[in-house]
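Look for chain A in each of the two complexes below; its partner is chain B in the first and chain C in the second.
Take a look at the complex of A and B:
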């Protein structure tokens, strides 16, 4: 079924609409799927086609990869395989002036029902897609369950999870929205160095506050966490709060986060 | 590993990492699991969430101890007494697995007689662990449906290291926690490929696959295949090498990826010995403290610059793949060894590491079925004797490698050096989360150096108060071997009377003061206990 995507990518490359495509690749003789940059429309050897198989679909931080490549090759037009979450990430990066829409061509992929349910994703498809079928968004049962805890239990739940942290920074490093040159988590004034768990709960709450109005709910942080901290619940929750108070959800619409204090670019005069 | 080999017939983690997730009780002793083996700690915490019991025995309040159903802080080097004390209670209460003992083991009577002496009163006197806690951990371990033991260097780096391991093997067999899913004795290996190095015979007394040097049939097999004459006599352990250098019996040393100028005890002594060599060759990623003393330095390569395999702690042989060409003048270890061998008159003609794997399979029964084509994806766990064998998830299923499991009646031997009037504090050493071993790699990382830049001495605030020392103050830590100056960190992690020193830092090297006394069998030094004195530095005098 995914012939469609390969064909589409091949045409984009051949017609010169993109110079490279960031996707996934199957390696010969191995079941391990790796991210790959395709540059030749006639050679898509190993182009991975199983991306909607089951809830453990192979996902990589492709948006973050694109972000790094675009910094190095600011003139290049890049294609990228984009699920709903990837698209939300791209939209936010455009808004925060970290990427230019001109640089990016998305090849959309709607996620399977299974994956949408695994992710509890509120929009498991990009605005336009080449492959897959639109399935309805899913409310987060996990958030409901934790929110329903009485406050002392809820506090205990989180302190207990946070105290497993080994300060590997995996959650930040994989996050497509963590593009700051200076990171509060590395400021010794905020977070004391030299010990694990890092200051509890300041380390994780600092990150959670920074995710408010910013997290696009791709869930890669939770998948990357080596100690099973349910970060996605936390960040879904902070975004629900932003939604309730400001009617704002990252990755939707054109307007910027209500928490954005950077203002507009000088060449924009809409504020 | 010698302890497990004596009890079971082979020395390696008996379970697999994933099994820890579904066991019913985990007993961690001498392993700072969440700092040193975080991914294994995650499995343990998952087990805990599924309702498993967690016992931690560690002199320090380590991170994972906060999740324990019971944490006991035994005195340094009192492990045999603690474990014998658990077995004393288990036998008295009849919690042992009588069927397992009679069908699968031998030697219980001598052990029974030994542990009878280890009454809770006696154990408390030696270890400081109270009877109610001892009883609790004995009960949790023995009465859970299946229990797994996890240990690391806190057990082995003692003059009684082998005895400590034998005691854990005794405990596991006594409760029938061997040869089944989730039940076993699991040494966590500290480096990504130390299991592989041991498996390949990088030990003085064995060929690959722990086939004994001196065994005529084995030695002949290797002689025939390699077309050389081989010695029937075991070589020297690292602990034996230093005296051999001093006695002039050892003149040249070729050190591969090891940094004894930081990792061996009593460094003053190590330096003297290495400097007395006619020739020191060091092959390493970087110009380490040891390499700086060498006449010849051979730059090796990192994991990303070579093809081959690593064998992890659960006996899993896994492929590593070259992603970049070796940098600068460095070469892969295989290439260096091949070229050196050729120059010395024995050409090795491997075009590819896969040919080495074929040779390993040909000569090593436990690796007989391991080929590159079979380990493309998830690797294989030895023993894997033939091409059709799926590999072995846990060891000793229906019988032990040696046939019957052997109980050892192990008596408690105190550490070589205990605190006294002159050196009143007990020192232990270990790893911290931000650095790895001698820091050859991690201390070159700016992010990790930002986390922890220099060494420190952990001390209980009450002890510091008695000495009139403040947190962050620079003090002298002095033992019979030497002294270092170091900043103190006041922490409740430490019990009174015990101090802790991470061993990663050359400028405040723990091994200037550690005790080189070693286990008589495994020859592993007692890094984990020595006696020290802490002195304030008189600023006026020091200027």
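Take a look at the complex of A and C:
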């Protein structure tokens, strides 16, 4: 069923509209699914097509990969496989002047109902898509459940979960919205570096505060967490607070985050 | 632009987590955990996550070093192997075989580890054999 995307990508490459396409590939033999950069429209060998098979779709931080390439090649026009969350990530990066809209061509993919429910995703499709069908957004039951806990139980819930952290920094490393050159999670003043376990709950609260108004709810952090800390509940929650107080949802609209305090130069504005 | 994603296995411990090294123009710039690898299912520890950094670290030893008059000096492989063999024999003669420990690696092959413990037990005469995963 994903022939449509492959055909579309092949045309974009052949017509020279993009120099490279960032997607997924199924490796011959091992069958492992890994990110892949396609540059030849006539050679899409292994092009992964199982996008919407099951809730454990093999999702990778493609936006972060695009970000790395664009840092090295700011002129290159790049195509990217974009689900709803990838598109939100791109939009937010444009707003934070980390990427240029001119540089990116998205090839949209709408997620399955199963995946949308697994993600509890409020917009499981990008604005435009080549493949898939629009399914309605899903409210987060997990957030509701944890928010409904009495305070002592809620505290216990979180401290308990956080206490399992092995401080691998995977949640930060995989996050498409973590682009800071210097990370507070490595600052001695906030976090004692080189020491495990991390201070509970300072480590997690520091990250949560930094994701407020920035997290685009892709869920890659939670999937990367080796000890199953429900990070997505935490970041969905901080984003709900931003929504309630500032009516701002990262990855939507043209308007910048209310936490954009400094502003930017006219030449930096590309959204 | 030459960007590639290379599937490989983490070089650190014996678990063998699957990882993807991302390279731009032959330089390794990022590590991602493999999601389809049944060993680690998209997760890594802090060491695995930082593999791309140590490969190009300027602090890596690229030549054998011997401390001479308090300073580390680069020497040839021949010189260092001779020195190590001589010193091991001297220490064994002076303090006995159990004064020596053999530290192997969880990332060596079974065969290499077999040979290593054989050297420890049969040549030097000690059971002091351990490996990196316990350090």
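One rule holds in what follows: the second predicted complex is superposed on the first by the 264 of 271 C-alpha atoms of A that agree within 3 Å, B and C clash if a C-alpha of one lies under 4 Å from a C-alpha of the other, contacts with A are read in each partner's own complex, and residues count from 1 in each chain.
Here is the rule we go by: contacts are C-beta pairs under 8 Å (C-beta built on N, C-alpha and C of every residue); 3 or more make two chains touch, one makes a residue touch a chain.
Computed from a predicted structure; not experimentally measured.
Participant: Based on the superposed arrangement around chain A, label chain B with chain C as either clash or fit.
Facilitator: After superposition on chain A, which the two structures share, chain B runs into chain C.
Participant: Return first, second, both or neither, reflecting whether A:32 touches chain B, chain C, both chains, or no partner chain.
Facilitator: A:32: touches chain B and chain C.
Participant: Does chain A have more residues touched by chain B or by chain C?
Facilitator: C
Participant: One more residue to check, A:223. First (chain B), second (chain C), both or neither?
Facilitator: second
Participant: Could you say whether A:164 touches chain B, chain C, both of them, or neither, answering first, second, both or neither?
Facilitator: A:164 sits against chain B, while chain C stays out of touch.
Participant: Touching A:202, do we find chain B (first), chain C (second), both, or neither?
Facilitator: neither
Participant: Which of the two partners, first being chain B and second being chain C, lies in contact with A:72: first, second, both, or neither?
Facilitator: In the superposed model, A:72 contacts chain C only, not chain B.
Participant: Classify the contacts of A:193 with the two partner chains as first (chain B alone), second (chain C alone), both, or neither.
Facilitator: Only chain B; A:193 stays clear of chain C.
Participant: Taking the superposition as given, does A:138 touch the first partner, chain B, the second, chain C, both, or neither?
Facilitator: In the superposed model, A:138 contacts neither chain B nor chain C.
Participant: Figure out whether A:105 sits in contact with chain B (first) or chain C (second), or with both, or with neither.
Facilitator: In the superposition, A:105 contacts neither chain B nor chain C.
Participant: To test your reading of the overlay: chain B has the stretches 26-34, 134-142 or 242-250, and exactly one clashes with chain C. Name it.
Facilitator: 242-250
Participant: Let me check the overlay on chain A: which residues of chain A are in contact with chain B and also with chain C?
Facilitator: 30-32, 166-169, 226
Participant: Note which residues of chain A are touching chain C in the complex, please.
Facilitator: Against chain C, the touching part of chain A is residues 19-20, 25, 27, 30-37, 39, 58-61, 64-65, 68-69, 72-73, 76, 166-170, 173-174, 223-226.
Participant: Which residues of chain C touch chain A once you look at their complex with the stated criterion?
Facilitator: Spelled out, the residues of chain C in touch with chain A are 1, 3-5, 7, 18, 20, 22, 24-25, 29-37, 40, 42-46, 49.
Participant: Hey, which residues of chain B end up touching chain A in the complex?
Facilitator: Per the stated touch rule, the residues are 34-35, 38-39, 41-42, 45-46, 63, 66, 373, 376-377, 433-434, 447, 450-452.
Participant: Spell out the residues on chain A that touch chain B in their complex, using ranges where they run on.
Facilitator: Those in contact with chain B are residues 29-32, 163-164, 166-169, 186, 193-194, 196-197, 226-228.
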